[in-house]
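Each of the next two complexes has chain A plus one other chain: chain B in the first, chain C in the second.
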Partner chain A sequence: MWKYIVKRLLLLIPVVIGVTFLVFVIINLKPGDPGRMILGISATQEAVDEYNTELGLDRPFLVRYADYMSHLVRGDFGLSWYGSEPVLPKILHLYPATLKICILAILFAMGVGIPLGVLSAVKQYSLADRIASTFAMILASVPMFWLCLLMTLLFSVHLKLLPSFGLTSWKHYIMPMIALGSNTLGLSIRLTRSSMLEEIRQDYVRTARAKGAKEKTVIFTHALRNSLIPVVTACGTNFSLLLGGTVFVEAVFAIPGLGNFLITAVTKKDIPVVMGCVVILAISVVIINLIIDIVYAYLDPRIKSKYQGSIRRRRRKAVE
Partner chain B sequence: MDREETLLKIDDLYVKYRTVDDDVYAVNGVDLELKRGEAVGIVGETGAGKTTLALSILGLLPKGVGEVYRGDIYFKGQDLLNTQEKKMREIRGAQISMIFQDPMTSLNPVFTVGDQIAEVLKLHGTKQYAREQENAPKSDRNENKAGMSREAIDARVDEILELVGIESSRKICYPHQLSGGMKQRIVIAMALACEPDLLIADEPTTALDVTIQSQVLAMIDDIQKRYNTSLIMITHDFGVVAETCDKVAIMYAGEIIEYGTLEQIFDRSLPHHPYTVGLFNSIPDLTSDKPRLEPISGLTPDPAHLPEGCYFSPRCPYCTERCTAAAPSVTQLEEGHIVKCHRFSAESGTEGR
Partner chain C sequence: MAGKAKIKKSRGQIYDIWRAMRSNKLTMACLIFVLFLIFLAVFADVLFNYETDIIAQSIPDRLQPPSALHWFGTDAFGRDYFGRVVYATRITMIIAVLATLGGSVLGILIGSLSAYYGGKIDAAIQRILDVIISIPQILLIICVVTVLGGGVRNLIIAFIFSMTPGFSRVVRSTVMVTRENEYVEAARAVGASDLQIIVSHLLPNSLGPLIVQATMSISLCILSTAGLGYLGLGVAAPQPEWGLMLSEAQEYMRTEVYLILFPGLAIVLSAVAFNLLGDGLRDAMDPRLRGFRRKKRSIFRKRREAVRG
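Right after this comes the complex of A and B.
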């Protein structure tokens, strides 16, 4: 297992190289002259050119990329072109807020979605099932920004229960969490329901009943663990999407997070900031996927022994 | 222990499955009596209602779909169909247990086999344990019948694994790490862990290859004799019946159409139901020169649209007008050998095979 984790972490290297290169290409193709954008329209052409040279923009594209990467591997994320602030400390300062909202959103989605899905499956075609299924369908299809606005209208403007912007108390986390998690919630209700329905018709569930186990044990011990396997996969994949999705939520609720920071940097073509954010997000996605795979192996011993098997086989080959 | 004591009595049992289109009549008037320590084989083609019969004994018919709409099942004199779910749970796994058909899917893939066997012990405890509890001084007595200690459970898991021929060190394995034959042994170990009074084996060897089949059968036979367990062996294989059973019931379209001792059913010189004759003709006979088998023509009737009169009439070579008009009643051929066919009814007077 450890060997597998190390192997997966080594995979970070090609992923980061690939992602940074792609983003570097795209951001450089984006129209707009950085020097002109920073100095404003009243600056002379000479001053703009000089500024661009200072930023190193007169050099060829590949040279600039190699230069950026050589600084990156030494942990140097560079300085923002606006305000000359170092990029890395700024990112590390903003990232926790984004991560917290994402984790809350995914916990909300799974914590509410899985029980509702189980209820829906166990009482198939009941009123509760119909309500939960409809609810899931609505949640899965509602656009996130629209939900943000509606919630603000209801909870902040009319009911005056929750604050509509900032991130200072626990109350501030509620609406971003719900808004960000709603799509995943819909998905996890529907997935849990369908996979649970499949599992409770399996022979081993009948075996458990024939042993004289309580219905609760049959559902929650035997069937649930098996039916969680696809749900965990899907929610894990969605977590990566949520990291991107925070952009909307952070914009609507004016949360000082990484998403907001990244969007501002893209519009201003602040290349060091964009690149820094992308690197951090890419690393996060790889690590999240790794965590999902570990949870997955814990849920399903067949997968675990596959990992161990492949490592053992390789070791045997190495001995030979 | 009284060998003549009736353990299970099924009385005129009817089961149907409700589906969106039609009601499916799976069991249509089954009578069956089983004494302690006796082994009865239920033989029939696929779809004859054998598994449905077994599931209705355990009260495990799919909820809202399967329904016993007539008849009674008595186990040790207790009316199982009117027993509360809580009481049924105490009976399932402890007094009546079932070996399911497909060992590949009957075990939960995410738990070790040891834990799966231990689960049934945690729920019910063993008889040995119950006896110890009764003899223990009142102060030491554990009121919770299922309160076996972890060590006692572990010891029993080891013991039962040895009994089914699996090294106890394999209990930490997950089902996918075992072969099909070993999985079936685990399923059997689970069914036997609490020493049930009645064991229902639903085609326990169908999913296994021939060499493992005979091992598993010998094991079931051995265990059945050792614990004086009653056995219902559901199968479509006469070889399995011959190896394990005392009595045989031939089932067709949800009815027992012939019932007798092993000798009575297997003696081909005695008169039989045409279906039984057909079944035996479908088995290759090593001593005869016949180049081809003689299978029964046609298919089992659709249980949603059963034919009028005798259910076997559309496929029966001896079918007469009377067969399509009215269902035959039970005729006793000799002591303990009964058959449901018009050819043997008193009015017809024609004897023969």
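Right after this comes the complex of A and C.
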């Protein structure tokens, strides 16, 4: 197991280099004229040129990338072009809020989606199944920001139950959580339903029933445990979608998080900030996927044994 | 396989798929709605005059609720909201369809070359795609839009860039499987070139999964276009675009609910239609769901019973 983890951690390095390089390439395709943008129209051409040189934009592309990376590995993400604030401390300051909303959203999506999916599968073609399936289909196609607006209208404007912006009390987390988790909720209902439907037709479920196990035990301890594996994996990979979605949710609810910070930087074309945010978000997606893979390999005995099997095979070969 | 002809006389694969699709009412409803959207996209220019009906402002008429004259009411600049919602279909569909088309063409190219040649080329291409896929799609699009700026053309470029890896994965996986078939070897033996083999023997097999992926991508493009429009990174005002219209309407949503209702419904309906159409197509293309599997199984069972008996 340790060997697997170390191997996966080592594989992380080229991916991180690749991600930073790709983002760097895209952003530097057309760097524009930041000196002119920052100093304004009234500045002289000499001042603008001097500013651009100061930012290091006159150097060749690869030199700039190498320079950026050598600073990056030392934890220096550069300075914002506006206000000359260091990027990394700001990102680290805003990141926890974003991560909290994402984790809440995924817990919400799985906590509501899995029971609904199970219900839908166990009572296939019933009214409950149809409602849950339609609900899931619509949720998967609703734009997050529109859901945010509708919820604000209902819960903040009309019912006056929940606050519509900021992030200070637990009440502030409810709407962002639901909005961000909506697409994943649709996905988890649909996935749980289909994988449950497959599992309850398996031989071992029939055996359990034949042994006289209660229906509840059959569904929840036998079928559900196996059908959860693909659901958990899919929701895990969906984390990338959630981190991207924070951009919308934070914009609507004016949440001081990474997504909002990124969008403000994009509209101002503040390249170091955009670069820093995207790199941090992309790296966290990679790391989260790694954690899911490891947990997954650990939880699913079949994968574990596959891996152990290969070690055993290798040992056998060595003996021979 | 000899029994297959006896079970059912097939009139070709496309006919089978069409028949399976026709039996699913929901899919047909979605197909009709999608055709309607395409109709609106193509004829929006004929139905409305862009200069006078869509972008011309008339302040005295501002913020009127829905009525017989203005079906969806008017917006903050007194423009007819119905016309704008309908015209926005055109802009959204152009972006979604062209981006999906571009993404799938590039995907076919990269995926088939990668799978056909395999080895180092494949490994290199796959590592690059791994990197692109590991960045959240919307962030990638935002990055491209930051550099190129908004507007229809740049959105299409950004979407193509972010969708190509998905398409090439789909093509690659099917080509990898079909490459091993004996008829491919036979084609090579009679002297077909690599290009001929890829185009006439390998790609037709990927077409099904590709079409399904494409319909789903269109729905994703619709949602992303609206999202970017809402953030102010997409299509520029005064062009009508659903997301942009929602962000303009946000200011007035407390009093004029219809302003955020109609564009939102338009987004949801079109995204749902494409998603369901994709689902229906996938089911129709899956022979296991068309009732063949049962018959096959029963043949095997009969044989088994015959052997046992």
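Following the convention adopted for this analysis, the second predicted complex is superposed on the first by the 302 of 320 C-alpha atoms of A that agree within 3 Å, B and C clash if a C-alpha of one lies under 4 Å from a C-alpha of the other, contacts with A are read in each partner's own complex, and residues count from 1 in each chain.
In this text, a residue touches a chain if its C-beta (ideal position, glycine included) is under 8 Å from a C-beta of that chain, and two chains touch if they have at least 3 such contacts.
Everything quoted here is computed from the prediction, not taken from an experiment.
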Which superposed partner A:Gly56 touches (first chain B, second chain C, both, neither): neither
First, second, both or neither for A:Gly166, with chain B first and chain C second: neither
Contacts of A:Lys214 with chain B and chain C, given as first, second, both or neither: first
In the superposition, chain B vs chain C on chain A residues touched: C
Touching partner for A:Pro89 - first (chain B), second (chain C), both, neither: neither
Touching partner for A:Val274 - first (chain B), second (chain C), both, neither: second
Chain B versus chain C as contact partner of A:Pro256, first or second or both or neither: neither
Common ground on chain A, meaning residues reached by chain C in one complex and by chain B in the other: none
Footprint of chain B on chain A - complex, ascending: 202-204, 206-214, 222, 225-226, 299-302, 305
Complex contact set, residues of chain C against chain A: 127-128, 130-132, 134-140, 142-148, 219, 223, 226-227, 230-233, 243, 246, 250, 253-254, 257, 260, 264, 267-268, 271-272, 275-276
Parts of chain A lying in touch with chain C, wherever the complex brings them together: 14-15, 18-19, 21-23, 26-27, 29-30, 137-138, 140-146, 149-150, 152-153, 157, 240-241, 243-245, 247-248, 251, 262-263, 266-267, 269, 271, 274, 278, 281-282, 285-286, 289
Residues of chain B that touch chain A when the two form their complex: 58, 60, 89-94, 97-98, 100, 102, 105-112, 119-120, 123-124, 174, 176-177, 187, 190
